[in-house]
Every structure is written in structure tokens, then in C-alpha cells.
Amino acid sequence: MFKRNISFTEAIREAVFQSIKKDKKLFLMGEGVDDPSSMWGTIKGVKKKFGKSKTIEMPVSENGMIGVAIGSAINGSKVLVNLQRVEFALYAFEQIINNAAKTSYISRGKHSVPIVIRMVIGRGWGQGPEHGQSLENIFSAIPGLKVVIPAFPEEAKSMLIASIFDPNPVIFLEHRWSHFTRGKVDKKFKIKKLKSFNKITSGSKLTLIANSVNVLECLRVSKLLKKYNIDIDLFNLCMPNPLDLTEIIRSVKKTKHVITIDLSHIRLGMGSEIISTILENRINLKSPPIRLGLPFHPVPSSRGLVKNFYPTGQDILYSIQKSLKIPKVKFSQILKEYNLKSEKLPIDVPDPYFKGPF
Amino acid sequence: MFKRNISFTEAIREAVFQSIKKDKKLFLMGEGVDDPSSMWGTIKGVKKKFGKSKTIEMPVSENGMIGVAIGSAINGSKVLVNLQRVEFALYAFEQIINNAAKTSYISRGKHSVPIVIRMVIGRGWGQGPEHGQSLENIFSAIPGLKVVIPAFPEEAKSMLIASIFDPNPVIFLEHRWSHFTRGKVDKKFKIKKLKSFNKITSGSKLTLIANSVNVLECLRVSKLLKKYNIDIDLFNLCMPNPLDLTEIIRSVKKTKHVITIDLSHIRLGMGSEIISTILENRINLKSPPIRLGLPFHPVPSSRGLVKNFYPTGQDILYSIQKSLKIPKVKFSQILKEYNLKSEKLPIDVPDPYFKGPF
Amino acid sequence: MNNNLIKLYKSLYLTRFVEETISKNYSKGQMRCPVHLSIGQEACATGLIENLKKTDKLFSNHRCHAHYLAKGGNLRKMLSEIYGKNNGCVGGVGGSMHLQDQSVGMVSSIPIVSSAMGMATGNALYQKRNNLNEITVIYCGDASLEEGIFFECANFASLHSLPIIFACENNLFSVYTNIKERQIDSNFKKYASAFKIPYKKIDGNRVDEVYKSTKKIINLVRKKRKPYFVQMDTYRYKEHCGPSDDDHLKYRNSNEVKFWQSKDPISYAKKLMKKNNINEKKIKKIEAKIEIFVNKQFKHAEIDKLPNYKEASKHIYV
Amino acid sequence: MNNNLIKLYKSLYLTRFVEETISKNYSKGQMRCPVHLSIGQEACATGLIENLKKTDKLFSNHRCHAHYLAKGGNLRKMLSEIYGKNNGCVGGVGGSMHLQDQSVGMVSSIPIVSSAMGMATGNALYQKRNNLNEITVIYCGDASLEEGIFFECANFASLHSLPIIFACENNLFSVYTNIKERQIDSNFKKYASAFKIPYKKIDGNRVDEVYKSTKKIINLVRKKRKPYFVQMDTYRYKEHCGPSDDDHLKYRNSNEVKFWQSKDPISYAKKLMKKNNINEKKIKKIEAKIEIFVNKQFKHAEIDKLPNYKEASKHIYV
């Protein structure tokens, strides 16, 4: 296994290039699919390398575009659709929910819809209310869709490949800040099975569940706490739909403490489903579950207003303290070390730690 | 207070007529808004009574239509939009989520969007996968929207009036089966405050939360159990967004037993939010919470396939037994009485009990 | 010519008889799903689809019985589906509004107005990209031209020169609402022209005209790989949804109703046959055979079993 | 005439200078939100909007600075918004893409392509229903004509004869993508005709032509209460989003770029003024005054405070 340190962007691009090579039925579709930005470089050069038949430039017509993707796919094409922001998909909810999600069900499996809809979640630099939503909980409330959210470059590559070769419609959510992360990525092309969770760190004290950029913050926290003998079972909820909670149930049975972090709003977020399921499973927690995530209002633009909006490492630490009742003295030491290590950077750009390498 | 026994349909119609009289800024909009069916009679005769300026017939263009409603409303019109099925709104998610929900927020309250979007939830008679969804959990995951779901004629009237006179965008969900219910309804026009829950029966043994037609079934169950000294705190979750759980928390603190029934899928349904919140509030339940609702797949058409799809009175009874551990003998007696009273009717039409009067 | 006429008549009569039988038996309460009958509109389906190859792909909407049958869809499976039975073409999950039969290229019927439009356009893209000798036909109603997705698809189909026919059945109504209340007029050429898509208006009640005109159009689309818009004016006899007449509601002008009844596609085709020396006896024989066949399929569907509820949770994913 | 020219020039120059200053200062990292500059396209905004009354209502998209300013929007509030400050026109929640100023009829800017279209049409419906002497103008880009909602709104506006102007700035591009890859051609008359909406194409870089043509159109729309489609061809100088040039990316033909630069709307207006005997000195004086004013507003915005984070959870509901 040959692993190199590459960026998330490069990992996505490698997945795309290798998938095109593997399966000539695959092509790309989107607004600006071969423009100089090419989804922030993630699909740069596809046309140059594979010819113009592999990229279809689309008019700014999202609902029609998704319909076209579905119609091509039920015939045997594999289609990778590229949307620069999750919000643009709102125009296409009709096609996504009525047709992409239900075609297999209604046709009794005779038709499949092997499309992947890449959507980027905006954050920072004043994205604001209509360029900063994630909506993963909404897509996860629709049976028939798969929803994939990679956090690390390695996941980005392997999960994009798995999504492309999955016969079902996949909503593939990339956080804009994830694009900057770096990490070791296997050079090989491999189709792995998609699973709901990737375990990031192991521990016995507390189960921590997050995804996308929040996992990076959790990882930092988990590593720090390890030094203080607080070992954490950290899970990346990288496929919230379909949701298989077996591993989480097992973990919480062991730790008896659980914290979830939603990428979107806490309200009706993945955390609510996870925690309800845990409770239905008769697990006696030692302290109440805690949900973190976004408060229930639109994303404001100004950096002054996003203070207290996104969960931070500190928020996570405080929640862990609350759950585990870490002694005050010890906790203030932890907090001190955390604050020392995290640079004081503007709130609206990714923390350098986020770049990895992971 | 003069109350008559009228149907849900008549209650809606009375609310519409009285509201038009009260506020000349109100008008109706929709596909077939003044056709012979006129939303199953709920808005019959508006044009005849109030003139054609009160009804705007719309092309079959849902996204444009909602946009037009919003644009009229921010100026001071009140708009009541009528959609025969929830699914038709999928075309309009863009306008609902981007503009209806966010206009007040973005304009810092300078604009308001006093629109009500009535949508009917289909069930029975083979509605199938694209005419039988409810999606209330999805609308409730969007901050800025209000979501209202009346169960009884009285609620239908008072909550529709309240929705019309609310300055915010309201998704008003009517279950098709609710239209047939009858009950006492105050003749007066009154603008009441919208609240998340209406308490239907009071009790100390268990907290039961449902909405729409499921409340009717719960009411039947609750009345029956009362005879057996099992008194239930039954709540109608008639406004899932914004969600105020104060009353529920109080009730569960008392009963220590909770069951939720979602109108839509259990997965990421209102039950998940309610149960997570209860747990976060450090309430020690005496038995695990139970969530009922729809399994996580599309709505099939055939009456053969909807068996086991919608929660029934029996399902509710079994869940209550599971939660309260009702002695076997007693429970089989209860079940027997329940079965005696509920007629054996086809699964795909409303039970006569559902008609009320309530 | 005569053979052709007979073929067309068979398809017309089959459709009419099937739907009349649905209408007749619906009140027995065994077909427990909404039905949108095409009675009166059959020639739009038959005339065009008779020119298609089995490999050509068809998409439809809520009013899909006629399209399904004209394309050669299995009748037993259609009826079983409407009856909600396990032999239904989609096992009972869809009902009347979701008919499909892969084996004959009847790809999908979607009861959300215009929702199949995007899929059909994507299908045509697939055909073009893979140099198939197939074409795609999307049947749609007059109201479907009010949904934005139609314009998005028309633009894309024209821009990429796709082999797709937008086959619009203009019955002047969306449910109870006249087109005058929804569009500026009922000449759809203006929409086609907006995307430089060639257009033809055809009397949708004359099966020979539909057949002849669309034969040429289909050949053109097949050869030139480019879209075409066909407007077929026609009229529905029954209520929008359900088995009955609803003329007592008076949302349609009674002269208009009479006018269209005088143009009944079945009577018209019959006259045509007679003109071509196909005698009454022969016609009766054809009809009788169809009736026997159809009645048998209804019997089958009636006695088919309800699907097992466990099927309901299958195929959510492939 | 001269007074008019001067008024137009002031608006043009204000817009240009404000945006040049944004461009110049952006790299300082204090305007922390995406900006879509209209440099090169100013005459489309100025020429038309100068004819509007304060009570007329304007809607815009992501590229809204010029529209906001031409409509008389408060500059300080605009800049404070872009700086993410508490004096911003929407208190910092929106940033550059959500400019609005109720006091001058700048109703809303929505950065989702075509999303404001429905609201604008609804606004025109309101004006018509209430017999107001107002009209509505929706500014939109060439790409916005690819979204289905545009057609839905055009149909409705025409059907109900609403006082709305679809003011389309055709800068030939959607981000980096030429209109040729998105639409069959760039003559939008075909879309307007599909709904029998009167149409006029105007050179969007000549403020006098925009002004004169739209004056007539606005009068017509105001009197006749019916929609109009105005196509203004123009060109953006800077990158789609951001403060810089991006000609090195070569997605636009360099001759094309040069051609449009030779048609610069500011230079053109200057020449016009000179022709009308407004001398260089007078022009310089106008410019200097604007520059002083603008620079002062930038200073204000820079020193405005960041909003309190507690504001972020307000106004979710009215």
C-alpha cells in the first residue's frame, strides 16, 4: 500500500480520474464542469485528459440537470454531478426526492440511479445565509438516498470511489474547509464498502460522534485528552444515510457517555436520531447525552455574528467536562494546553490545524 | 361561546371566510383555487361570495407560485396558498427555504412573509409513493418556517386563523383523512396564539405525543385505558416548528414514560427531537422511550403493502404495554375491548371512528 | 395501408375497451387507487407510438394507461397493478399512476406534473452519447408546459441536439381549469420556437394524421438526432381523476364537449376503415377478440393476490 | 439634457469609484465576504434605474452593488454591510450579496440565481391589485434565463399583465462559462416572445441609449400595466467573484475583452458630456466630489463596529 501525503482536493481528483479510467460509463456534469476553477481544482483537467465526452457543461438549471442525470443513469451511465453549493440543490429537490430517491423502490429494483451529486458546504469569509447551509439532516431524512460526508483526504478518495460505483443515488457533501486538509492517501484504486461510521480514535471514557470539519476539531481534542488519560471513542459519521448505529450502540454500552456534533442545526439533526436510538436500546447513560451543532437560525455573514455559531474545540471540551465531570483543576490545565496550541486566528477562515496532515 | 358540530372541511372554510371578512389584505392563490372541487370543498364559494379579486388561479408552476406569494406578502398582502398534495411543494423548496424562511432574518425584520401554504397529506386508496408523503419533519428542520398540523375541526379553524394572521410563513398541513372528522367548533372569529402542543387528555401514567390523524387513534386508546385506570397525558404536537417542549418536559418529569408517534418516518422525525431533548433534560425515565411512525421507505400504493406501514391503535396499545409493563391478563382484556370496538374495515380508508364527532 | 389501419384500430380499441372496463368496474371498489383515464385521447397515444420501435423509450405522466398499452405494455401487469396486486408491473407499489414495463421500453410514468421530463431528456442524452439508433418520447399534458423544468429540458435538448420528442396532449384542461386561465394561448409553437425546436400541431383525435405526421417526425428525429415538439389537441371525456363523467359540474362548455365527441377518435378510425373497405363484420370480429382478451386479463387481475406486506420494505436501495 | 447627463454620469462614476475602491482595498482582508463587481456594466443599472421613481421597486441578484447605488441606496450602509459591520444595511447578516434598502425601494437581492424572480413578480402583482402607480424591476443575468422559475414568472406576468420589467444584463458569461455553452444563442427575444412579452435589446454600455429606451418602456409599463423584457448586452471587467482581473485565465477571448473595453461605459459617457460642452474641468470636479464622499464612507465602514453576536439569533421570526 503506497500512501502519499496529498490534499483533500487532490484526493477527490484522484478518485475522479481513476474512476473514469476504470469505468467508461462514467461522466461528469455540472455548471462550469471544465472551467478554470473546476470545483476548486477537484476535477481539473478531466476534459484535457479524457476528452470532451467526459464532461458535460450544464446550463444553470439545477432541477433539469438532476433530472437529466437520473435519466442517463437509469440506462447505465454513471453520472457525477457537481454543484458548487448545497443551496443550489434546493431547486432540484423535486427531482432528488421524487425520482432519484424513489426510482429503485418504484421500479422494484429494475432501475437503478447510479449518480453522485457532489455539493459543497460553505463556511467562513462571510458566506451568509444562502451559501452556508449543509442540510445533511434533510437529505438523511429521505429514504432511498445515500448521504456521504468525508472528513479526511483518505476518506474523500475512497468514499468518492465507493459512491461512484454504488448503484444508488449518493449525495456527496464536501465541506469547503475540508478541501484544504492534507493526509496520507493510498494511491491504489479500490472500491470499499460504504459504512456509516469510521472510528477515528478509540477509548473507553466517552463516545464522541461528529463529521466533516467537526471531526478534525474532535480529533485534536481527543489527542489532547489522551495525554490526560481520558481516552475517547471518536466516530466520524461519514454516511448518515442509510444509518447503521450498531457500532455506536456498542461503544455507548461501553462508555456510558455520549456527545454528538451536528454539522447542521442541532434541531432534528443526526444527533437527535442517534441519541433517541441509544435510549431506545435501554442503555443507561451515566450522564445526560449532549448534542452540539448549529443553533436554529440561518447562517449569518459577518464574522462578528458567527461567534458562538459554529461549535469550537472549547465547546467540545466543556461538553466533555460536563459529561465526565472532569475535576476542575485538571480541566483548567487541559483548557490551558488547548488554548496554547490553538492559534488566535480570525474566526472566518480555517484554523491551520485543519489543514492537517492527518 | 356558541359551538356547533361541523366537519373539519367546514371549519377550514369558516376560517377562510371569516379571515377574508376581517382582513381585506387576504387573498387565495392556487391551482384550481376556485374550481368545482375547491380543495375538497374547503374553500368552496370564496369567489362567489367575495368576488374574483380574492382568488387567483395559478398556472401549474409551484416554485413561481410560492415566489409570487412571497413577493405579494412582503408588501402587505396576506396570501393563502393551496396545494393539493405536499409533494407538489417539492418544486417550491427553493422559494420556501431560501426566501419564505429567510426573508425576515435577512431583512432584520423589515420584511415579513405572512403567507400560509396549505398542503394536503395523502393516505389511503392507493395514493402511493408520490402522493402520500407528509414531510413535516423536513419543514420543521428549517428555521424561519412555522409548521402547523391541526387534528380536530376546532383546531383546524382556530389554527388556520392564527396562521393567516401570523406575520410569518406557515406550512399548514392537513391530513386528507382529517377532512372527514367532525367536532364542536366555536362560531366566533378569534385569533389565538399558536402553540406547539394542545393537551388532549390528562394523566399521570404516560406521556403520549402524536399529531394529525394519529392523535385520533391515541384519543381512542387513551379513553379506553382510562377505564382501566391507566390515565395518559396525551399531547397533540400541532405546531412542530417552532418547537416549545416546556410542557412535554413537565409532563414526562411526572409520568416518566414517553411514547411519540411521527406522522412521517420515525427516522429523524419529531420524536427523535423530543426524546433527545427529554434526555438532555436529565429526566430519568422508568422505561426506554418508544418512537412510533412510518418505517424508512416510500409509501407503497397497494392495500396489501400498507399493512404494518401506518401505526395502528393496536401498535399504540402494545407500545404502552411495553412501556408500562401492564400485566398480561389486564392487557389482553384491554386489547379485546379495543378490537371489539374497532370495526373491521379496509385498511386504506379512514376508520369511521376517525370521523368523530370529537 | 389497410393492415396499418387495422393495427392502429386494434390499439385504439384495446385502450378504449380497457379503460371503459375500468370505468365500469371501478365502483366495485377493487381498483383502489386514483385513475386518470385517457378515454377520448387514445389517438394521441396510438398514432404516434405505433411508429416507435420497441427499443425506443417512452416516458409518461399520471395519465399513462394509453401510453403503456400503445407501447405494448403487458395488460395483465397493468391491471394487476391497478388492482394493487402482486403481479402488478411494479408489484403494487405504484398503482395506476406509475405504470412501467421495461421489456417494451415503457420506462417510467411519474404523476408529478413534468417530473418525468428531466429523466426523459437524460435518456435522450444517453442515446445520443452512445450512438444508439433509439429515440425518446415524453408524453406530457398542456399543464406540464407551465412547470419550469419543461423549459430547462427544452433548452438542454435543443442545445445538445437530443433525439427526443415532446409529445404534448393538449386537452385544454388541467383538472378543472381551462388553459386560458393558465397560459396566454394554447398554441405551443411559441415555446418550441423559444428553443428553436421544430414544431408541429396535429389533430390528436385523428389517428391517421397523428400516425402519418409523427412517422415523418420520428424518422427525422432518429436520423438527425434532434428534438421535436408535437402538439396534439384532444379532449378527455371522463372526469380528471376517476371513472365517471363530470359534465354536470359545467366547468366545460357543453358545446365544446359535443364538438369533441363528434370527433371521437374511435368513431373516426372506424369511418376510415369503412372508407378503406374494411367491413363492419371484420371490425366487430377484431373488437370481439380484443374484448375477450381484455376481460380475461381483468379476471386474472381480480384473482391475483395482494402482495405480501414484507415486499414494502424492499428495493429502497438496489 | 446636460443636467440629465450629469446626473447619469454622477451615478455611473459613483458606482465605478465605489467598486474600484472595493477592488483596491479588498486584499486588506477587511471586506470578508464574496463580492461580485459590476465594473464595466454600470450603464445597465444607471441608465434604467435613473428613470425609476423612489416608490418603484427593485430586485437584484448576487451582483447587486450597482443596482443598489443607482436606486439611491445608502452607501455607508452598503459598505458597512460588506465590511460585516453593525451599520450594514442588514446588520451584517447578509454581506455583499444581500443588499437592500427599503427606504428607496431596493427591496431585495438574492444570490441564488433567479430566486428573486418570483418575489419580484409577486411584487408586481401586489402593485397591480392595489392600483399603485408603481412598477417593479427585476435585474437578472443571462444565466438566470436558464432557470425554470424565470419561465414560470414570465408566463404569470404576461397572463396577468403585471407591471414588471425583466432587466437582463447579458454579459455573455455565467462565471467562466460562455453563453454559447448554455443557451442556443444570446438573443433573448425568443424567450420574451414565447410569452408575448414585448422586448427590446439595448446596448448596455451606452448610458444615454439605456436611459432613453427605458424611459419609454418604463412609461409604457407604468401606464399599460404590462410586462416588458429588456436585454442589455454588456461586459464585466473583473473576475466573476472577487476584486481582481482574471484575463490570464483566458476563458474570455482577448479581442472580445478589448472590444468591450473600447466601449467602456464611463469613457463613453464622458465623451458624450464633452460633446455636450461639459468640459473636463467640470467633470473632474464632479469626480473629485464623489471621490471625497466615497472615501469618507469607506472610512466610516472601516471603523464601524462588528455586530454583537447576540444579534445573530434575532429576527428568525417577525
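Going in written order, the chains are labelled A, B, C and D, and every chain counts its residues from 1.
Keep in mind that, in the parts below, a residue touches a chain if its C-beta (ideal position, glycine included) is under 8 Å from a C-beta of that chain, and two chains touch if they have at least 3 such contacts.
Everything quoted here is computed from the prediction, not taken from an experiment.
Graph distance from chain B to chain C, where chains that touch are one step apart, equals 1. Between the CA-based centres of chain A and chain C the separation comes to 43 Å, rounded to the whole angstrom.
We define each chain's centre as the mean of its Cα atoms; on that basis chain A and chain D are separated by 36 Å.
Taking each chain's centre as the mean of its C-alpha atoms, chain C lies 46 Å from chain D. Per-chain Cα centroids separate chain A from chain B by 33 Å.
Contact with two or more other chains is made by residues 58-59, 61, 63-64, 87, 90-91, 94, 98, 105-106, 129-130, 143-144, 296-298 of chain A.
In chain D, the residues touching two or more other chains are 91, 93-94, 98, 110, 112, 146-149, 152, 155, 159, 182-183, 316. Chain contacts in this assembly form a complete graph, since each chain touches every other chain. Chain D makes touch with chain B in their complex at residues 90-91, 93-94, 98, 100, 102, 107-108, 110, 112, 115, 117-126, 129, 148-149, 152-153, 155-156, 159-160, 314-318.
Of all residues in chain C, those touching chain B in their complex are 32-34, 84-86, 88, 91-98, 110-114, 143-144, 146-149, 174-177, 181-183, 246, 249, 251, 305-309, 311-313, 316.
Residue ranges on chain B touching chain D, taken from their complex, read 27, 53, 56, 58-59, 61, 63-77, 94-95, 98-99, 103-112, 143-144, 146, 167-168, 242. Listed in rising order, the residues of chain C touching chain D in the complex are 146-152, 155, 158-159, 182-185, 190-191, 193-196.
Across the complex, chain D is touched by residues 31-32, 35-37, 57-64, 87-88, 90-91, 125-131, 295-298, 300-309, 346, 348 of chain A.
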